[in-house]
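In what comes next, chain A is part of two complexes: it sits with chain B in the first one and with chain C in the second one.
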Partner chain A sequence: MSSKHKSSLTPSRIALRSVIPVLVVGFWVLATTRGWIDPKIWASPSKVADAWRQLTLNGFLWKAIEGSLLRETGGFLLGAVVGFLVGNLLGLSRIADWLATPLLGFLKQISVFAWLPLISLFFGIGEWSKAVFIGISAFFPLVTSTYAGLHSVQRNHAELARLLRLSPWQRYRKILLPAALPAILGGIQLGLVLTWMATVGADFFMSAGYSIGGFLIQGASSLKFGLVIIGVALLGIIGWGLDFLTRQVGGYLLRNRPKTLQA
Partner chain B sequence: MSKLGNITVSGVSKSFPHKKKPLHVLDNIDLEIRPGEFFSIVGASGCGKSTLLRLIAGLDGGYEGDIRIDGQRVQGTSLDRGLLFQDARLLPWLNVEENVALALTSSPYSKQQKRELVAEHLKLVGLDSFAKTYPHQLSGGMQQRVAVARGLVNRPRVLLLDEPLAALDALTRQYLQVELERIWKEEDITTLLVTHDVEEAILLSDRIVVLEPRPGRVRRIVEIDLPRPRNRSDAKFLSVKEDILRDFANSEPEPDSASAADSTSDSVEILAPSFALAS
Partner chain C sequence: MSKIDSKRSHARTVLAATGSVALVVARSLVLPAALVVLWHFASTRRWVNPIILPPPEVVWQTLQDEWANGDLALHTKASLVRLGLGFLVGAGSGLLVGVGMGLSRKVEDLLSVPFQVVNLVPTLGWLPVLILLIGLNEKLAAALIGQSIFIAVALNTYRGIRQVPLAQMEIARVYKLSFLQTLRKVVFPAAIPQIFTGLRAGLANGWIALVVVELLVCSEGLGYLMSQGRSLFQLDLVLVGILVVGTIGWSLDAVLVRLERYFRRWQPKESRLA
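And now, the complex of A and B:
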């Protein structure tokens, strides 16, 4: 999967893939300079460039990126670690599975936004409540993928542990966890996408501080649409970068597996 | 080598719960396998030969009678007994060397000793230059050779083989049969082979037990008194083969045969297919 991507990055292919973005930007330039659309609603490229210059000069750009990434990382780690642990508990213990899996199946149907009132009640409106809000988006994918991964272990392989007299920990470390790894990596990938979205949600519904979501809020309220466009573009680029990074790490961890076992 | 590796099976019976009436798989089996002997169990499918091997390996329990290795009753699995399945059962995320070393995880050896044991056994099966290769890059025959190395790396007293060559193509099978004989001689280890290939059994064994199906019981034990290495097209070889095959003809399996008895060791089965949470 990852090797396929690499081999496709020839100059001619990059050029081909750039066709649509170039057309979109070209249309944008034309539409705003020729007056096809109201410049009060859609900022022209020069306005966006102005806003960009200002943001880099006053340092808000980096502060916002840093703020959003820190929140993303903190929230993701919190949710992913707890989700991984709960997924292990449910995947390894029949009793825990029987007791708690139906409850989790019920809880995961609830939108993250529905948790907001409870979160602010328990954690206030500071960074902790944001981390929890964002973390929920990583929690469920990690629980689900870890659980499914552990349940996908072949009976044959589990029997091998008995034959070779592995201790429970060795059995987990050498057989169960590697078998579950592709599924878990899939959960991490999904969790990162969802938490990145939740990071913006946290900006909107809780205090924004320095954040990319803050650009959107500020831009919309003060009619600076250049700021909004920069915010949207940053979200897309950074989100894509995070996804790319996880795919690369996942591809590396699964580099020795037959292709069908890759996530 | 000290003469250890005596297997005694006395009065072993085993049933599986099956619908209303329990399925009687093994009935009062008595076998005595001598140290260093190559012994084969043959029989039509449904005769419980794989079930018996799993009992000796200690993978299954809940039987009547007594199974002893050198006088010690079998209780659970042991590194003193190496077992090969029909599938090589290698872990796809470990390379050849790591797969063999996995069997040494619970062994008392030092790191250095373990490294040496792995290298030595890879050499024994002729895969020393494939130590860093991953299973999916190997042919089925090579994978099974890795499994042989893994089964022997703990220097067990007995080697148990559950149709290890059945899934391979004819040429590879013949080649590995010769290899098995060589390894058995080199290691001087009691070897118990379950197979439905009578020719394979005659080629390799000192003695063969023929089991009758439903319930599995001993029909007779045949001493193979042919000089090694044996020739498959030799007249005496063929007459022994014909003699044993006649036993099979008398116990032609019913179409409904391949029941719980032999399918217990069948390949891909999922541990618990409940994906309640996984949407």
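And now, the complex of A and C:
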């Protein structure tokens, strides 16, 4: 808001922030140790810690993280690269824009998971179909953001390009792409959030091998809360990490831009 | 004379506008039509196995059959009711939490940690937790859809309210507006565009979550229809499902885009980028 209200965390505010977490954890400890809830389903904190130790020792945890992350990056790259290219085509060619943008606008509205039955019939349930499924989630944000970014180029910049008699490639490289960059970075950020969700979905619906989603499904079907809570925590931490990385890279790429309020 | 002229020019612009609407519609149908023709030949000439890709006329026939025997209407209605219920729960609680966190630092502090935790994990990640808490039933569907809508609505409402200029709040104080009057006359008018952005994003999220839940647990609904088509190897049914899901998602979004634009009409153009 304004600098007057610049938030500083006073001790009382920190106390207020920790009220609910303390209550939740306290309830969890009490309820599991006092037997208020079924201990077979709702593992106590110490049991969860045990499970964590076991998973790290026998290596399942690392294999699951590795499997999910590989799937995520592979699918994301596939979808993001294709999406970026299509976004450029639509953003630069008026004919392509006329022809294809309405269709893509419709396809975008189809819930990703609606493609699942079709993909699994086309490609089976191997890694390729997972990559395609995850890729779809990255494709649409990249198309939309690249397209919007290229269209956001200011008129005086376009005139400058004409004045300087830039070649089409120079014009693209020096004017259009830099202008589109912030939007594209936003698309990448959104794409990572959506693909991370799709990765979990791929693990759920086409489960194979070690994966974090596999933990979750196994935990839920065998009623083991410990596994579920570890899986949820991993999802949160890795999702946050991916977002953090994108922000850092984005901040670096945009380091020479004037600061705005949102940055 | 001048009146007639202005009338004439008005008629001309209206004509031009309807003409261009028809042109836009025609233009946007070129590529889909070409694809359908390609699809038709691909399956009738056996470039691809028609079991893997049934020809468009079969899909169209299936769509008509499913509509005629009432199944499609039944499943669509089940999905829409589920979405509506989730939307009521999710958007309602999201608005409450967003307004609370936006107006009061204390509420914001109190809820910030749980809110961030819920926000950080993808909606699907919460599914196993909800299964353990609620079980595999209709309430699970409402909870998951509601959760995915809640996040977007709460976050955007909060942001929208925080964007209200301090000067306007001070004016409200100077005029001694009551709390409710301040909300109605100052806070909401300024925050409503952002709130609508949240509702739109929330509805999109809810639509994704709906299909997931229906693929997994429900025994009716469009997701169920598609998973049935998949297990019976009836691709025409799957394609009909995709078509209907797309059409509904597209229409819902189109309505909210119009509303959003309406509420943003006073804003400068560049912030309208959706």
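Keep in mind that, in the parts below, the second predicted complex is superposed on the first by the 223 of 263 C-alpha atoms of A that agree within 3 Å, B and C clash if a C-alpha of one lies under 4 Å from a C-alpha of the other, contacts with A are read in each partner's own complex, and residues count from 1 in each chain.
The definition used in the following text is that a contact is a pair of C-beta atoms (placed from the backbone, for glycine too) under 8 Å apart; a residue touches a chain by one contact, two chains touch by 3 or more.
These numbers were taken from a predicted model, which means no experiment stands behind them.
Chemist: Could you look at A:Ala148 and tell me whether it touches chain B, chain C, both or neither (first, second, both, neither)?
Modeler: In the superposition, A:Ala148 contacts both chain B and chain C.
Chemist: Using the superposition on chain A described above, determine whether A:Val228 touches chain B (first), chain C (second), both, or neither.
Modeler: Only chain C; A:Val228 stays clear of chain B.
Chemist: On the A-aligned overlay, A:Gly59 touches which partner chain: chain B = first, chain C = second, or both, or neither?
Modeler: neither
Chemist: Look at A:Ile175 in the shared chain and tell me whether it touches chain B only, chain C only, both, or neither; answer first, second, both or neither.
Modeler: Touch partner of A:Ile175: chain B, not chain C.
Chemist: Quick check for you: in the superposed arrangement, does A:Leu118 touch first (chain B), second (chain C), both or neither?
Modeler: second
Chemist: Touching A:Gly105, do we find chain B (first), chain C (second), both, or neither?
Modeler: both
Chemist: Look at the residues of chain A and decide whether chain B or chain C touches more of them.
Modeler: The partner making contact with more of chain A's residues is C.
Chemist: Applying the document's definition of touch, where does A:Arg162 land relative to chain B and chain C: first, second, both, or neither?
Modeler: After superposition on chain A, A:Arg162 lies in contact with chain B alone.
Chemist: What is the shared patch of chain A, the residues that chain B and chain C both contact?
Modeler: Correct list for chain A: 101-102, 105, 148, 152.
Chemist: Under the definition above, what is the set of chain A residues touching chain B in their complex?
Modeler: Residues 90, 101-102, 104-105, 143-145, 147-148, 151-160, 162-167, 170, 174-175, 178-179, 181, 256-258, 261.
Chemist: Name, in rising order, each residue of chain B that touches chain A in their complex.
Modeler: 57, 59, 77-79, 83, 85, 87, 89, 91-95, 102-103, 105-106, 134, 136, 267-279
Chemist: In the complex of these two chains, what residues of chain A are touching chain C?
Modeler: The contact residues of chain A facing chain C are 1-2, 4-5, 7, 13, 16-21, 24, 41, 98-103, 105-107, 109-118, 120-122, 148, 152, 193, 196-197, 200-201, 204-205, 213, 216-217, 219-220, 223, 225, 228-229, 231-232, 235-236, 239-240.
Chemist: Residue numbers of chain C touching chain A in their complex, please.
Modeler: 24, 27-32, 35, 52, 105-106, 109-114, 117, 120-129, 131-132, 162-163, 166, 204, 207-208, 210-212, 215-216, 222-223, 226-227, 229-230, 233, 235, 238-239, 241-242, 245-246, 249-250, 253, 270, 273
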